[in-house]
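Shared between the two complexes below is chain A, which pairs with chain B and chain C, respectively.
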Partner chain A sequence: MIMRGARTLATPAKYLALAAYLVFLAFPLLWLVSTAFKPPQEMALIEPTIIPENPTLENFRLAFDQQPLARALLNTLIIAGVSALVTVLLSIPAAYVMARYRSVVSRMTTLWVLLSQMFPFILVIIPLFLLLRDAGLYDTQIGLIIVYVVWSMPFALWMLRSYVAGIPAELEEAAAMDGAGRLRTLRDIVAPLLVPGVVAAALFAFVSAWNEFLFALVLLRTPELQTISLTLVKFIGAEGVARLGPLAAAALVATIPSLVFFAIIQRRLVGGMLGGAVKS
Partner chain B sequence: MRRATIVSATVLSAGLVLAGCGSGDDAGTGDGGDGPVTLTFQSLAFQPESIAANQQIIEQWNADNPDIQVEYLQGDWASVQDQLVTAFEGGTAPDLIHYESSYLQDFADRGWILDITDMVSSELRDDILGGAWEAVTFDDAVYAVPFLLDAQVIFANKTLLDAAGIPVPAPDDPWTWDEFAETSKQLTDADTFGVAWTLKDPANRMLNLALNFGGGFFEESDGASTVVFGDGEKEAFQRIYDQLYVDKSAATDAIGMGGSDPLPGFFAGQYAMLPKGIWFRQQIIDQAPEGFEWVTIPALKGDSQAQAAAPQTISIAAESEHPEEAMAFLEYMLNPENQALLAKGDWMIPASSAAAQDPILTETPDWPVAAASGEFLEQAPFQRVRGYEEWKNKVANPSIEEYFANSISLDELGTRLTEDGNEILERYNR
Partner chain C sequence: MSATVTAPPPTTPRPKQPGRRRTFLGLDRDGLMLAVPALIPVVLFSLYPLLRGIYLGFTDAQAGRNAATEFTGFENYTQLLGDSYFWESFRIGLIWAFGVTILQFFASLGLALLLNQKLRLRWLARTLALVPWAMPPVVVGIMWRLVYHPNAGILNSVLTDLRIIDSNVEWLSSLSLALPAVIVVGVWSGMPQTTVVLLAGLQSVSEELKEAAAMDGAGPWQRFRNVTWPALRPVVTAMTTLDFIWNFNSFSLVYVLTEGGPGGSTRLPMLFAYEEAFRYGNYGYAAALGNAMVLVIAVFVVFYLRRRYREEG
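Moving on to the complex of A and B:
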């Protein structure tokens, strides 16, 4: 009886906790949306409201007028898209080899990939900068793409390696028994089963590149090449004063592509993450 | 077959996208062999009016000087330090660099910026205030041209002042700190604090205010700097502390604020007065509710109204291949007419004495107060101290914040600023 009472109380408490967590997660985005549509006077109210009293699109006009947002979005889309594509294309065969061939080289590579994740951004930024400059890739989008690919690949490799390891080797052996060559086995048996992992790795690489700031700051100089994160920070001035309205409007615009991308592949991503989580 | 086509198309698309990826050379930053010289100028202009003024000046220059073209690069205050250090180290710094005087000593020591002592024309030298030149001069070498100055003033809610029968002081008869403390108490009631001191990252501001009482914080002997914390240094700290915790006429909830954070309370009448830089006029004008009446009160007077001149500056990179052309542009960019435009765009005080007379500035709200504040700007000892930035960030800012949060005593603050601080400075003095 007491147990049942406790259970009756526990269920609403769980839902309440879940609702509180959702509000906690959604509130910054909600505030961003609210601020984007507020005139400056409403941002300085002592009792701010979530719903703007006099909603305006002026912040969006200012954001697009004063900074090259459209160009920055296009640049970021190209850089993040190509980075994700190249990361995945390079990671798939590498992850397959790491998962299937248990040699010393494979183990050393796995260890090195893990170690490479230990270096903080700030430690590698100047050597990386010098390398790219000497290679003629400073202030180029290709240079930044290479950096993003190198930076995203270790995690993508680990993720995909886990997915490959989760595919029973017996399936490949059965294909071989039926006369399929290595390449055909990879294409027709392994690749379709890897799709969720590939989607997850691509999403990770895309979002990482989309949001990245420090490498872009240091490696790009020409205004026409700059990414959205570099453009957003230009709405922040000395002593921490921000032009909050245009900043919120620009940040909202910058968030939309990521949200859309995520919404489109979300189902595959969730399935993919679960699929890779357990090695059968 | 279909799959092979898809794979081929994917690879081809990737190739096309990569081929379409841009490089800086596409934007024309490189110099052609016999073509015009191209200079890059990185600006930290933030307000739209200021960005427009910069671009207008550059467009005019480019139209008048086909052989020396200037490309405008937009930097930002939040990340400029990281970006510049990397660019200097990597040899890709812009030819002309907008920044502020407190970083010049470090940049000059590292050989990153050019000594322009012999390149500055007599017209420019004579036009710019002496205190501003001092702030960019190290060991008799000039490392930048100063052009925008800030000064600490006090913004007040005019309605609350009028209701309390408090007259606004004239620029030539400013309040003393005692008068200010009395006024603050007078304006304090159940709904209102007399003043809101916003003290996030407070070191620069407190060192500035200490100059009112002759507090210089640093002494130099045989080329080595040490931190001192005597009566002159303590005075402003003690007075603000008393307002917070003895008179209770200053809002304790405001001490952790920075930037525009106190504006809602100021507009709502919770804070009657707001000490800030003169540039803050723009923020008030931009966000004030309709009918809100405010006024600018001149800088307070202790033993003097002295404040540190920490101007925004433009330097020439030591690695620039065209220093003469860069200086020619700098002379044009910072002529009195253009300095007035730039100062108006950022709501600051021009370092040019002729620009300060320009009607586009004199017609801005409370300009006489701004202009009068500019007269008391001087070189402060801390601006010449090697290691000041590290002392400020590692010791001064956190310790001063703790003092004003009433977590440590004034003596403990002094011990930290001097003992911990001198350990840092010793490394730079070697």
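Moving on to the complex of A and C:
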């Protein structure tokens, strides 16, 4: 406010910078959408168009025809959905313990949350592959679900723990006074108050399973079981210009669920952080 | 199982200090019952595999059910030191990780500074800055392949229109351009986290201090240097360290973009390790590569902890 004069001078430069960011961030996205709706003959024009002259849904039809896209979407939905559900069911009680007990387990879990971010996946994925193979779970959806649950749990725990910590302990003491044990307190008092946190953690687990690629690449082989990321990568293989449209269409379809979930979750996750920036 | 040990009489309030009761790892019976269902899978499917993975790096483990695995000590590592692919891939990995982390930091800081001001279209930039976060890495890779496509890509036609290039460039299959091209994609896809965290940091900088500095005649740069930056520094150190680790361990994006090619010019350490393990079946050697990566990461973690210790002390 004090520097109003200096600010108005610098404003054009700021808008120029903002425009540059917008181009950098938006252009690839626009191009993906544009390619997905373009007929093949508009694909490699000398003067390419951002808005297709004859927009078509043909690419989407081709994408679903040529590759088992629907099957892959369903597989991914099942795997991500079950992973999210199991992650949350296991994390709620453990997060409660982390928040309410002064235990070695809490400290170890915090350490584990940090460490699990740092190790290269190759160290984990070879033994996991061997372990699941020996357990007869290699190339099964259950195997992949177990892996996703375990690897999204640290973050889910960390998220839920702070939600539990935000619930006043007096509420629980009152319940204990009335004779409720820890388990009943958790079920009747704490769990209902945790709903926003649980939704956030579940969505997080869903999206990370939906988007995941490396574990699926190593742990699944049968084409009928493949997740959407694996199917998309197969798409890339034969990349004649004519195939670019269906590829873009399939990629777009694969993004929709995580975009939708993200739109729901973002206000909650980022809203606090961006609070001041959102209001204009 | 005696009720006197495990559960207090129902009418007494629960003691808040679990230490007074019989415990295991600081947990009473209820606590254990609540924590164990989560602990078992974590121990079984992440802690144990990790430890076994570290151990595998000291063995000659190979694919194939019947191959006997033997402890070979540091043999894998002597082999690594003499392996030019290893040096090449770690060199590329460091260029990639430093390149992406540093560019991402400056790009995100600039964006965060802009988003922290009252500008029109800020909402649009804010939404767009978050979108890459929601996209599967495979889709990001495919999208940029379309952008970089030599004949049908938008980049070549824009650059041709601007007279910067005369003929179509093969971005992803050129030995010299592939690595810079994938680094740009890395920056694009990693910007959301860094921007959000930096923006949160910027918003915690005291407005009074900034105004006081402005009263004392400090220009925008001086205010940034002397007020904003010192407040932001702990966030910056933490975020860039994490970014570096994530980038050094990154796999999917580059796998989709180039599969490590052309001629290994984008073969990051993880891609190299993946090929060793699942294309050639050299589990022991691949795990040794993983251990070597841990060493590199450990150097940065130690660096970070020292920085943090100094900033706090």
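Following the convention adopted for this analysis, the second predicted complex is superposed on the first by the 213 of 280 C-alpha atoms of A that agree within 3 Å, B and C clash if a C-alpha of one lies under 4 Å from a C-alpha of the other, contacts with A are read in each partner's own complex, and residues count from 1 in each chain.
The rule is simple: a contact is a pair of C-beta atoms (placed from the backbone, for glycine too) under 8 Å apart; a residue touches a chain by one contact, two chains touch by 3 or more.
In this text the structure is predicted, and so the values were computed from the model without any measurement.
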{"item": "When both partners are placed on the shared chain, which of chain B and chain C touches more of chain A", "value": "C"}
{"item": "Which superposed partner A:I126 touches (first chain B, second chain C, both, neither)", "value": "both"}
{"item": "Which of chain B and chain C A:L259 touches, first, second, both or neither", "value": "second"}
{"item": "Which of chain B and chain C A:P192 touches, first, second, both or neither", "value": "neither"}
{"item": "Which of chain B and chain C A:Q66 touches, first, second, both or neither", "value": "first"}
{"item": "Touched partner set for A:P12, first chain B, second chain C, both or neither", "value": "neither"}
{"item": "Touching partner for A:W210 - first (chain B), second (chain C), both, neither", "value": "second"}
{"item": "First (chain B), second (chain C), both or neither touched by A:T222", "value": "first"}
{"item": "First (chain B), second (chain C), both or neither touched by A:R102", "value": "second"}
{"item": "Interface residues of chain A shared between complexes with chain B and chain C", "value": "43-44, 46, 48, 125-126, 130, 213-214, 218, 233, 236, 239, 241, 244"}
{"item": "Chain C residues touching chain A - in the complex, by the definition given at the top", "value": "7, 10-11, 13-14, 16, 18-19, 23, 25-28, 30-31, 33-35, 37-39, 41-42, 45-50, 52-54, 56-57, 61, 107, 110-111, 114-126, 128-139, 142-147, 149, 151-152, 154, 157, 188, 191, 196-197, 199-200, 203, 211, 214-215, 219-220, 242, 245-246, 248-249, 251-252, 255-256, 269-270, 273-274, 277-278, 283, 286-287, 289-291, 293-294, 297, 301"}
{"item": "Chain C-touching residues of chain A, taken from the complex the two chains share", "value": "1-3, 6, 10, 14-15, 17-18, 21-22, 24-29, 31-32, 35, 43-44, 46-48, 50, 90-91, 93-94, 96-98, 101-105, 112, 116-128, 130-131, 146-147, 149-151, 153-154, 157, 169, 173, 176-177, 179, 181-183, 186, 207, 210-214, 218, 228-229, 232-233, 235-236, 239, 241, 244, 247-248, 251-252, 254-255, 258-259, 261-262, 266, 270, 273-278, 280"}
{"item": "Interface residues, chain B side, partner chain A - complex", "value": "3, 10, 14, 17-18, 20-27, 29, 40, 44, 46-48, 51, 72-74, 76-79, 82-83, 86-87, 89-92, 94, 200, 258-260, 263-265, 267-268, 270, 277, 283, 286-290"}
{"item": "Residues on chain A engaged by chain B in the complex (per definition of touch)", "value": "40-41, 43-46, 48, 62, 66, 75, 78-79, 81-82, 85-86, 89, 125-126, 129-130, 133, 138-142, 145, 187, 213-214, 217-218, 220-225, 233-234, 236-244"}
